[in-house]
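See the structures that follow.
The same chain A turns up in both complexes below, where it pairs with chain B and then with chain C.
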Partner chain A sequence: MNLTTFYLAVAGLILAPLVGGLVAGVDRVLTARMQSRMGPPLLQPFYDVGKLWSKVIAPASHWQGLFVRWALVASLASDVLLAAGADVLMCFFVQAASASFVALGAFCGSSPYSKLGAQRELFQLLAYEPVFLVAILCMAKVSGGFDAYSFMASDQPLLYKMPLIVPGLLFVVLVKLRKSPFDISGSHHMHQEVVRGVYTDYAGRDFALLEIAHWADVTVVLWICSFLWATSPLAMVVTAFLFLFAALVIDNISARLTWRHMLKVVAPISLVLATANLLWLYME
Partner chain B sequence: MLDAYIGVLVLWPLVAGLACLVLKSPGVRSALVLSTGAALAVGALGVASQVPMTANPGFLSSQTALYIAEGAAFALPIYFLIRGLMEKHVLVIVFAIAQLGLAAMSVFGLAAPAAAKSAVYCDGLSLALVLVVSLVGSLICIFALPYMKHHEEHLHLKVTRQPGFFLILLAFLGFMNGLALSNDLRVFAAFYEATTLCSFLLIGHDKTEESKKSAFRALWMNCMGGVFLHGGIVLIQKQFGMADIHELMNPTLWAGASMLPIALLALAGCVKAAQMPFQSWLLGAMVAPTPVSALLHSSTMVKVGVFVCLRLGPVLESTTTGRVLALVGAFTFFATSALALGQSNAKKILAYSTIANLGLIIACAGIGTPIALAAGVVLLAIHAVTKGLLFLCVGDMEQTVGSRDLEDLRGLISKSPVTALAASAGAMAMILPPLGMLVGKWAALEAAAASPIAMVLIALGSALGVVCWVRFAGTLMSGQSIEAKTTHTSALTSTPILAMLAGAVGLGMAAPWFNALLLPASNIATALAGGWGLLPGLFIVAMLAWIIGMKVLGRQSAATLATPYIGGLPSVLKGTYVGPLGRNWTLTEGNEYASEIFGESKLTKFAGALAGALLLALVGGAII
Partner chain C sequence: MSFLKTSQIKSPWLMHFDCGSCNGCDIETLACLTPVYDVERFGIINVGNPRHADVLVVTGTVNPRNAEILKNIYSQMPDPKLVIAVGACGCSGGVFRDAPNVLGGIDKVIPVDVYVPGCPAKPEAIMDAVVTGLGKLKGILEAS
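And now, the complex of A and B:
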């Protein structure tokens, strides 16, 4: 490992959660504007986390603190891996580990809502993971390597060769932002069914850390999406923003997407499209 | 010295087993089983220190040994035939007769093949199997000591049947070691058939109607596998006149030759590894006592199947047969992962997940590149330890709770913390980076770059597996409002469990180095720089997370817990609340199995038909 990689990794460790927090702020402002509301200030997510941090609340399970920390470490590690230009597939698996820890912590809680949320969280994981993996495999096929550097090395945007994975990635962003489907998501909207789903039993400082882990996750997902147009840093930022914006629009017009619908309809269609794209890359 | 180690590995278990049969006292039996465990460990480590190596121990290389092997090729099918005739089981009769025919053809119809250069050839793959059998297998046999005592108390047997049981259990280990080490196809086939015999006897051990049915199902399927194996061997004998496995696995030998023998051997491997559509014999094997299913699933029987396929790997690399085999394995990985997700029976979850992981290993074998094969061997070893651990845990839970349904095991952590935590850790070891199972999966995905469909299937199966195992661990660790009484676990039960847990985590963490040992020198640089090289860094991160987590756990475990949030007013009665309509509601919990999607009834038929078509393509493609 050379020194540049080290600096990049440290930058990833510090900046990624901050970027994720900003994304959460942008999300809330934009969503509010779409619904003709004023919305909170841009930095509201940071204020929220600060407030959560100051609260000491009795935990719902002895194990939750442990799983929260593990989730946070895994999320940050996936950011660091990406920043250091490491294997994107491994980064994906590390990120998935974080999601597993969040679900496990919810299982350990005492509230039935928390456990129900964990169950559905897992089915949600099942719906987006394969699509996300296939998207990464497509990128690897086009760029000829599995590391982040080769993803960013091609002269031509990867998007030209993989238009069919865009719906899949959009679906991943939608789920990862905890926007839809409404009967699982832990978003700030009113339109959810199971209180805050998988987050029900998390509170206080643990919850603040979990929020930071979530920000780190969002950064990873948007970052991987931005590889689609990785000709320059600016192009990557714009791509990521477009994915975010599209996800917000979809969330606002499909407030009643259920998890069964997601598992039976949305996931297969996006997976079939992504697979078709992969096969097509092999036929070239 | 080497010959002595090999002798210990193959013959000691047989002798100790016979001693168990003759000296019926339980104390002697325990001593024999424990000493076998120790002897096998010494033998395995002794062999490990010399790998790669060849040897010619007398009991495997002499002419007498070959006569015995040829005799076994007749004796075992004749025994199967007699059992089949007694039971009037048509399929067993048919396949046993077919095996006899092939054995006769091999001995009387064709010129005897040139003898193998060395009777024993041990490389990384053989060593992995020997280590798995000797270490994991022995631990399971030790676990069986207290388990079988309970088991027989539960069945109210007048005369104990344990001496015979332990004879087969121990002999099984010896046969497995022999199979892993032997380099002569005929000797290999004899050991192969012997494992079929052992599994048949062990599955039918309880002598209930159900176990008899399962035993015969296992017998006919494995007899069919035997037919494929002998068919392949006869063809090889005819085509090359050779019996040296190591020399036969040379890709240049097969350039331009018909791949049919290889396809048949791979098919035999698929049957033994219970790949779809042959999964039913392994599922049926669950009726046997837990040590048997643990042994069959983790360290013995099914590992023979993947061992055969991995052995064929070098020949399969970038051939059509190899590509189809990769597809077969990947499809089973996907389909059985889906089936595992729809199950609430804990043992069935384990069984389907076993089949799934074997499918992944077979996919690695089909890809056949050195990197894929190394990943396959790593998966073989780590899967054995992890799955052995999980089976022992579920067996112990079953004896504690009296049920193997996941819903009944909910919140087991408050009742039997050691077992529940070990099982949760085992479940996590199946899916979490940087432990071996996930890393193997990851290596398989990157190695599968030549077959996109296999990659997509592996991606799907991997996601299904994550959901299945997190739910499994989560259910065991589920929080409960009612305080339960902790039960005591016997040392002979908890020691194998904890040893296996240490092995699963330790071996999982050692995977990158293990993998590097298995790779040819030319591949190490690229494989380590590209991916496996990341892992040491991830281990440091994992350690850090472990320390932070444990600190928080220590702090939080003293905290008073919050009252459960139930969306209503908690009522005085535990587990109830005052909710909508002012009524008193009772809380119930249950997992979502989405059985309308992952249910066994529909999915098995559909996936079985598809997998059958793929297997036909495997053989058919080789004929054309």
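And now, the complex of A and C:
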């Protein structure tokens, strides 16, 4: 590892959660504008986390604190891996581990809503992880390597060769951002069918750390989506923003699906499309 | 003030508990969340979980049965917390104060920080109460 890689890794560690927090702020402002509201300030997610950090409350289970910290470490590690130009598949697996830690922590709680949310979180993992994996395989096939730098090095946008993975990636972004119609395991405010679902039992500092882990996750997912048009840094930012914007539009015009619908209809369709794209790339 | 103290004032998450109201005040409380009033511009989010809440908004009168639940919810909220009694019923028992099962306003059971008069209370008054409560919290945080 040379010194530049080290600096990039440190930058990834610090900047990725900040970018994720800003994405959350943009998300809330844009959502409000779409509903003809004014919405909170752009930095509201940072205030929320600061508030949660300053609240002292006994955890629902002592295991929860441990799992939250592991989830945070895994999420930040996946950002660091991407920033340092490591294997994107490795980053994908580490990021999946983070989601499992969140579910495990929720299983430790005493609230039935938390357990229900944790079960649904596992269903979500089952639904989006294969699609995400095939999408990354497609990108690796075209760019000729699994490391992040070769994904970003191609002079022609990857999108030309993989139009069929776009619905799959959008599905992953919707699940990861916890947006309708896939805010099944837990959602942001005011959708209270399972209260906060997987987040119900987390409170105070644990919840603040979990929120930071979530920001880091969102950054990773949007970053991987932006590889589709990685001709320049600006193009990557625009691609990531387009994915975010599409997710917000879908969130505002759709109602929540059940996990059965997600697992039996949406996941298979997007997986078949992505796999067809992969086969096409191999046969070309 | 430090960032952590500022953020406590800028991010009040609100939990609404219907303690036996006629639903008049509940509708007005929910109206605050609509695009017309949009409380989210103050950073307010309506949460369904007392462990995440900073402000407890209670509508309606207290009776011996729901008093226990009210105390339970209040005790699950992390400090520092605010309680807002909404409507004539929440403040004093309102038109139901002489009913045999009614204990009175919610301050008979838990300490109340801000009272919102009205039958039903107006959404503007409810939002004003939250902002007043936050002013009180700011004073406490500055003194600490």
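In the analysis below, the second predicted complex is superposed on the first by the 278 of 284 C-alpha atoms of A that agree within 3 Å, B and C clash if a C-alpha of one lies under 4 Å from a C-alpha of the other, contacts with A are read in each partner's own complex, and residues count from 1 in each chain.
Here, a residue touches a chain if its C-beta (ideal position, glycine included) is under 8 Å from a C-beta of that chain, and two chains touch if they have at least 3 such contacts.
In this text, all values refer to a predicted model and were calculated from it rather than measured experimentally.
With chain A as the common reference, chain B sits beside chain C without any clash.
Legend: residue contacts after superposition of the two complexes on their common chain; A:53 is shown touching chain C, with no touch to chain B. Of the two partner chains placed by the overlay, only chain B lies in contact with A:110; chain C stays clear of it.
When the two complexes are overlaid, the chain among chain B and chain C that reaches more residues of chain A is B.
When the two complexes are overlaid on their common chain A, residue A:41 makes contact with chain C while staying clear of chain B.
Look at A:33: by the touch rule set out above, it reaches neither chain B nor chain C. Superposition on the shared chain A places chain B and chain C such that, viewed from the Cα centre of chain A, they span 120 degrees in steps of 10. Touch criterion met: A:200 reaches chain B and chain C at once. After superposing the two complexes on chain A, the closest approach between C-alpha atoms of chain B and chain C comes to 5 Å.
Common to the chain B-facing and chain C-facing surfaces of chain A are residues 57, 60, 195, 200-201, 203. Across the complex, chain A is touched by residues 3-8, 10-11, 13, 33, 35, 38, 40-43, 45-49, 51-52, 54, 78-79 of chain C.
Interface of chain B with chain A (complex): residues 341, 428, 431-433, 438, 442, 445-446, 449, 452-453, 455-456, 459-460, 462-464, 466-467, 470-471, 473-475, 477-481, 530-531, 534, 538, 541, 544-545, 548-550, 552-553, 555-557, 559-567, 587, 589, 591-592, 594, 597.
Remark: chain A residues 28, 32, 35-41, 44, 46-51, 53-57, 60, 189-190, 192, 195-196, 200-201, 203-204, 207 touch chain C in the complex. Contact residues of chain A toward chain B in the complex are 57-70, 73-74, 77, 81, 86-87, 89-90, 93-94, 96-97, 100, 103-104, 106-115, 118-120, 122-123, 125-126, 129-130, 133-134, 137, 140-141, 145-147, 195, 200-201, 203, 263-264, 271, 275, 278-279, 281-282.
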